[in-house]
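Next up: some structures, all given as structure tokens.
Consider the two complexes below, in which subunit A is the common component and subunit B and subunit C are the respective partners.
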Partner chain A sequence: MEKSIKKYFPIFALPTFLAFIIGFIVPFAYGIFLSFCKFTTVTDWQWVGFKNYTRIFYVNGQLDTTFLHSIWYTCLFTAVTVMVINVIAFAIALLLTKGIKGTNLFRTVFFLPNLIGGIVLSYVWLMIFNAILQKYDMTIVTTQWTAFWGLVAVVCWQQIGYMMIIYIAGLQTISPDLIEAAKIDGANSFQMLSKITLPLMMPTITICTFLTLTNGFKLFDQNLALTGGNPGKMSQLLALNIYDTMYGTTGWQGVGQAKAVIFFIMVALIAVLQNKMTTSKEVEN
Partner chain B sequence: MKKKLLSALLSVAMLSALLTGCGDAAATDSTAPAAEAPAASDDAEAAAATGEGSVYLLNFKPEIDDQWQALAATYTEQTGVPVTVLTAADGQYSTTLQSEMAKSDAPTIFNIGSATDAQTWDAYTYDLADSALYNHLSDKSLAVEYNGKVAAVANCYECYGIIYNKTILADYCTVDGAVISSVDDIKDFDTLKAVCEDINGRVDEINDALGTHLTEAFASSGLDDGSSWRFSGHLAGLALYYEFLDDKADLTAGEGKITGKYLDNFKNVWDLYTNNSAASKATLTSGTYNAEMELGMGEAVFYQNGDWEYSAFNNPDNGYEVTGDDIAMMPIYFGVDDASEGLAVGTENHWAVNSQASEENIQATLAFLEWVITSDEGRSAITNDMGLSAPFDTFTGDFAPNNKLAACANEYAAAGKTSVAWSFNATPNVDDWRADVVAGLVEYTCNGGDWSAVETAFVDGWANQWALAHEE
Partner chain C sequence: MAKNTEVSQARKAKHGWIITVFMAVLSLAWVSPIFIVILNSFKKKAFIFRYPFGISTEPLSKGWDKFIGGAKRMAAGSLNYSNAVKKTDFFHSFGYSMFITVVSVLLIVVCCSMCAWYVVRVKNLVTKGLYLLFLFSMIVPFQMVMFTLSKFANMLHLSNPIGIVVVYLGFGAGLSVFMFTGFVKGISVEIEEAAMIDGCNPLQTFFLIVFPILKPTTITVAILQAMWIWNDYLLPSLVLNINKYKTIPIAIQYLKQSHGQVDWGAMMAVLVLAILPIVIFYTFCQKYIIEGVLAGAVKG
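Then we have the complex of A and B:
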């Protein structure tokens, strides 16, 4: 059996592999190629070498800081959301595995925001924020920081429920025997959390931090609908900045593509690093 | 064992899904005799056989999508030439156009907004110089010429200025201490300013006297993305217009360097708008203001916008108190040459024909466009159903534009005023430049900053974006 599986492996893998090539490898390679071209439509290109890449930072003989600004703004945004989402989601998951009354209802309610699309969600929040801020003669896009915290609030509200579900699933895999043994040994609840629960939860934490990290970097819908990059371009996260370059500036499709390549490399590096870091802390159950 | 069977099953399922996915396109034509599909493909085949080609219009104005679909169906019924109309979502035109153009069945008619667009799509614009469309164009300056060819032809012209509630304004003239005795007295910026300040300053007194429920003179000047173009585009257009006029530059193609010499006038008008409005300056970016509604519900007297607003006010479904008969439009008196300034007339809607389409499709497209502007069905659809003012010499009599705000433009022109050209059409990298100007306006208006932010964005930003947009 083992042998025949090996033998037919290519045939079984072929369809998926083909789909992967058509749906991922080819567009990806073509995208990298296009970042070295000037193009209007993707089939009509002209090779320009590294010009697109230099243009990201250096325009008309001046340093252009919009992309750099959106890089650090995005990094900060991701750092804050990863922390907030994971800490709160973990805390709620702990609470909702304690067997309090109405656990299922709470789980459903916390998960619900995740079912609403980002654009709709952000428009609803936009109204809420502006209605409140109006009292203080401000709007969500008064400064880049109001925009920042607005985005953080919406994204956390949306993603906490989802991460909570993953954490709950993780918590339920911890064997009750271990907990009981620790209790008998006289561990207090803080010791139980830091010595038993957290180490055993590392695989789940790896997944959740990875998801929130990449979600943070790739955030687009909420950014577009909630702030639209305003004021100026100060609240543009990377994805929106790339989109804006692609469609907003005449003849800059290639530059947008080049930004996207840099964006990919950055996110890939950070995600690999994060994965290494958290997996190294994982323990055998 | 069970696991392996499962994975084998999954692979088979995936394979079959993949195969059906790939086979789908081929299957529709050859193996579905009973479905509706063959009817359409027969049409296409018949058309191709007789060399008629097909037409694909990528429509720019979402509000008239239904009307275009109906008109396209009528044409197909009469001639058998298939006409596809696709409408891009509001604000998504360039995105949609870019992806549609890369397809093998690319649009044969698409919209060009300005000379900048013509530059972007230079390789795709067909020279319309010999077309019936261009021949019928009554004002040849409404065509976009680029790279030695007529790249696109306007399909409607529009005007903008200050829309005002003439009923309330006429009543205001009867109030004690009114600054003017008739609406016609407003002939320059200073008078307009005096009237606005008077109305806004004693709005309660005026409400008591007239039984109105005004809250402000000027409707809110929102700086959110849904409204800021009225100022970074249209209002800024006047500053550009007078500067181009002084420099004897082409009024809609512009020049590479501007000095912003009329920015003070821009600031005066902008201050007039924001100081005489009930909207709090700091919250203009919120997007919660609806200026159209403020005028429509009789809360404001003045509102800077264009004649496309006419249908909104004239449509009883919107529930506005104000009707099409209550409103008129005056020029945005800019304080430069108010005595001879008319409304700003121009367009961002130009038809371009895709030069990379097949020859039959190009011919079919030109024939379709000619039919649209010469046949009764086409002319009626444009004037009556879509409510557009078409710039062609075929639109006379029953088909003359019936938009009362557009009629104001003609009245001012007839009275010897010079229509202001849409100079903002020359803006290089429109979205970027405007975003920076809006950022400056926000800084100045909402955050109490300095006007110099606007100046920098306006002047330096222009030179910068121009260099970018016009290189090579």
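Then we have the complex of A and C:
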């Protein structure tokens, strides 16, 4: 059978393969190449070696902290959102698996913001934040911290429903017999949560943690629409910082591309770590 | 013992009631931003930031007539909506978004399922390498390829709603092929062999036998890709010829950037217009959306 299918490569695999070459392979390989070049378009380039990479941190012999600030700001943002989203989503999931009335309706409502795109969502919240903050003579971009908490709120609102759905599915796989047995043995609710539910939920928690982690790292739309990186460039997360470097000023495309390579390595490291953790968990079970 | 269970059941019921009320309040708060936007979309723009959460300029304590008068002064009727439609050219944007999403999703589902089946059934170095490349592409953030991708798309004349579909197929192939291969590996070869012996060629075998079996994964992939493409801002804003073609997210972003002072009345209206189709779609396909998201999250 394999032989007769093999001849059909042009029909089955070639269209996707060609699009994949155009949409991924060539841009990726060429992107790495261009990070070592000075360029304005893809045809007009000049090899400069690692100069773009040093220019990320040193401009005319002076330390430029914009990118470092952006890394630090992104890490902090990601840490806060990972914690807030997972704790609240887990709590809501616990409450919604107790078989109360209206469970389906509540689930539907909590999940809704996830379907609305980052741009639309951010303008909804921009209006609300600015309406509230104007009473204190402030806007969302008055300081980098108003921008920070604004972003956290928007991202939590968007992703809690998503993670809640995954947690609910995980909680439903826990056998009721275990809970029943624990109850008969006289365990209280806190003991049941910490000794039975949480350990059994660890695989799900790992999945959700990494999902929120990569989402936080790659966040762009909400950052662009809600704060635009203001004030100054102080609320730029990594993705927006790269975009701004590449399209904000001419002559900096190479530096932007070099930043993108660093960004890619960071995201790839998270993915490798995730892969290691999930597979080692599977072996244990 | 019997008494004990009665007590615990009574306690459970009482707790259930409290949780329901708590959840009801929380979910109302959860959707309140959307209702505030709907409310504000019917106010004159001068009043949106002065009275963001009220419906009248006068408090109710000043008497009913004054309250109604204040509400009338504030109301804008459908003015914001006609402004929004004019300024963003909303119906064209909606058309472009719809066209790009539907065609891309159809193309991704058909091409990637075919490719996945081929990759699983034909085992050689080419398919193995291709599969690894698909896997690898899933961890690459878009910023890594955005400059080169948009420039190449320009050079290949893909900067239009038809061309961008190819870009979406290419950049979305990783996840889709990965999910389809996961499913195809679980299908037994015997059915396909039987079909081939009965005289089906590989194309017939795929579309008559395999593709129907793939239905659950097809729905998952379609939902995930549709959510991504419909809401995507950065890729189309870089690839498309922006002066001619704006999808809904691009149109909204431009409404803010291009008119000096933001017209918040029109902004509120266009947000409502953008959210409405999503809510309608969600109401009808809720089951599939939630299942799709779940399958996608656990595998991705």
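To be clear about the criterion, the second predicted complex is superposed on the first by the 240 of 285 C-alpha atoms of A that agree within 3 Å, B and C clash if a C-alpha of one lies under 4 Å from a C-alpha of the other, contacts with A are read in each partner's own complex, and residues count from 1 in each chain.
Please note the rule applied: a residue touches a chain if its C-beta (ideal position, glycine included) is under 8 Å from a C-beta of that chain, and two chains touch if they have at least 3 such contacts.
Nothing here was measured: the structure is a model prediction, and the numbers come from that model.
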Item to check | Touched partner set for A:Val42, first subunit B, second subunit C, both or neither | outcome: both
Next on the checklist: With both complexes overlaid on chain A, does A:Asn60 touch subunit B (first), subunit C (second), both or neither?
Outcome noted: first
Checklist entry - Touch check for A:Met277: first (subunit B), second (subunit C), both, or neither? => result neither
Next on the checklist: Touch test for A:Pro15: subunit B only (first), subunit C only (second), both, or neither?
Outcome noted: both
Checklist entry - Of the two partner chains, subunit B (first) and subunit C (second), which one does A:Ile5 touch, if any: first, second, both, or neither? => result both
Next on the checklist: Contact-wise, after the overlay, does A:Gln134 reach subunit B, subunit C, both or neither (first, second, both, neither)?
Outcome noted: both
Item to check | Comparison of subunit B and subunit C by subunit A residues contacted | outcome: C
Next on the checklist: Looking at A:Val87 after the superposition, I want to know if it touches subunit B, subunit C, both of them or none. Which is it: first, second, both, neither?
Outcome noted: neither
Next on the checklist: A:Gly232 in the overlay: touching subunit B, subunit C, both, or neither? Say first, second, both or neither.
Outcome noted: first
Next on the checklist: Identify the residues of subunit A that lie in both the subunit B contact region and the subunit C contact region.
Outcome noted: 1, 5, 12-13, 15-16, 19, 41-42, 127, 130-131, 134, 253
Checklist entry - Can you list the residues on subunit A that touch subunit B in the complex? => result 1, 5, 12-16, 18-19, 40-44, 59-60, 62, 126-127, 130-131, 133-134, 137-143, 228-234, 244, 247-253
Checklist entry - Considering the complex alone, what residue numbers of subunit C touch subunit A? => result 15-16, 19-20, 22-24, 26-27, 30-31, 33-34, 36-37, 40, 48-49, 52-53, 111-112, 114-115, 117-119, 121-124, 127, 130, 133-134, 137-149, 151-153, 155-156, 158, 166-174, 177, 189, 192-193, 196, 201-203, 206, 227, 230-234, 248-249, 252-253, 256, 264, 267-268, 271, 274-275, 278-279, 281-282, 286, 289-290, 293-294, 297-298
Checklist entry - Given the complex with subunit C, which residues does subunit A contribute to the contact? => result 1-2, 4-6, 8-9, 11-13, 15-17, 19-28, 30-31, 34, 41-42, 92, 95-96, 98-102, 105-120, 123-125, 127-128, 130-132, 134, 157, 162, 165-166, 169, 207, 211, 217-218, 220-221, 224-225, 239, 242-243, 246, 253, 256-257, 260-261, 263-264, 267-268, 271
Item to check | For the subunit B and subunit A complex, residues of the former touching the latter | outcome: 1, 4, 7-8, 11, 14-15, 18, 94-95, 98-99, 101-102, 116, 119-121, 123-124, 224-225, 280, 282-288, 428-429, 431-432, 435-436, 438-439, 442-443, 446-447, 464, 467-469
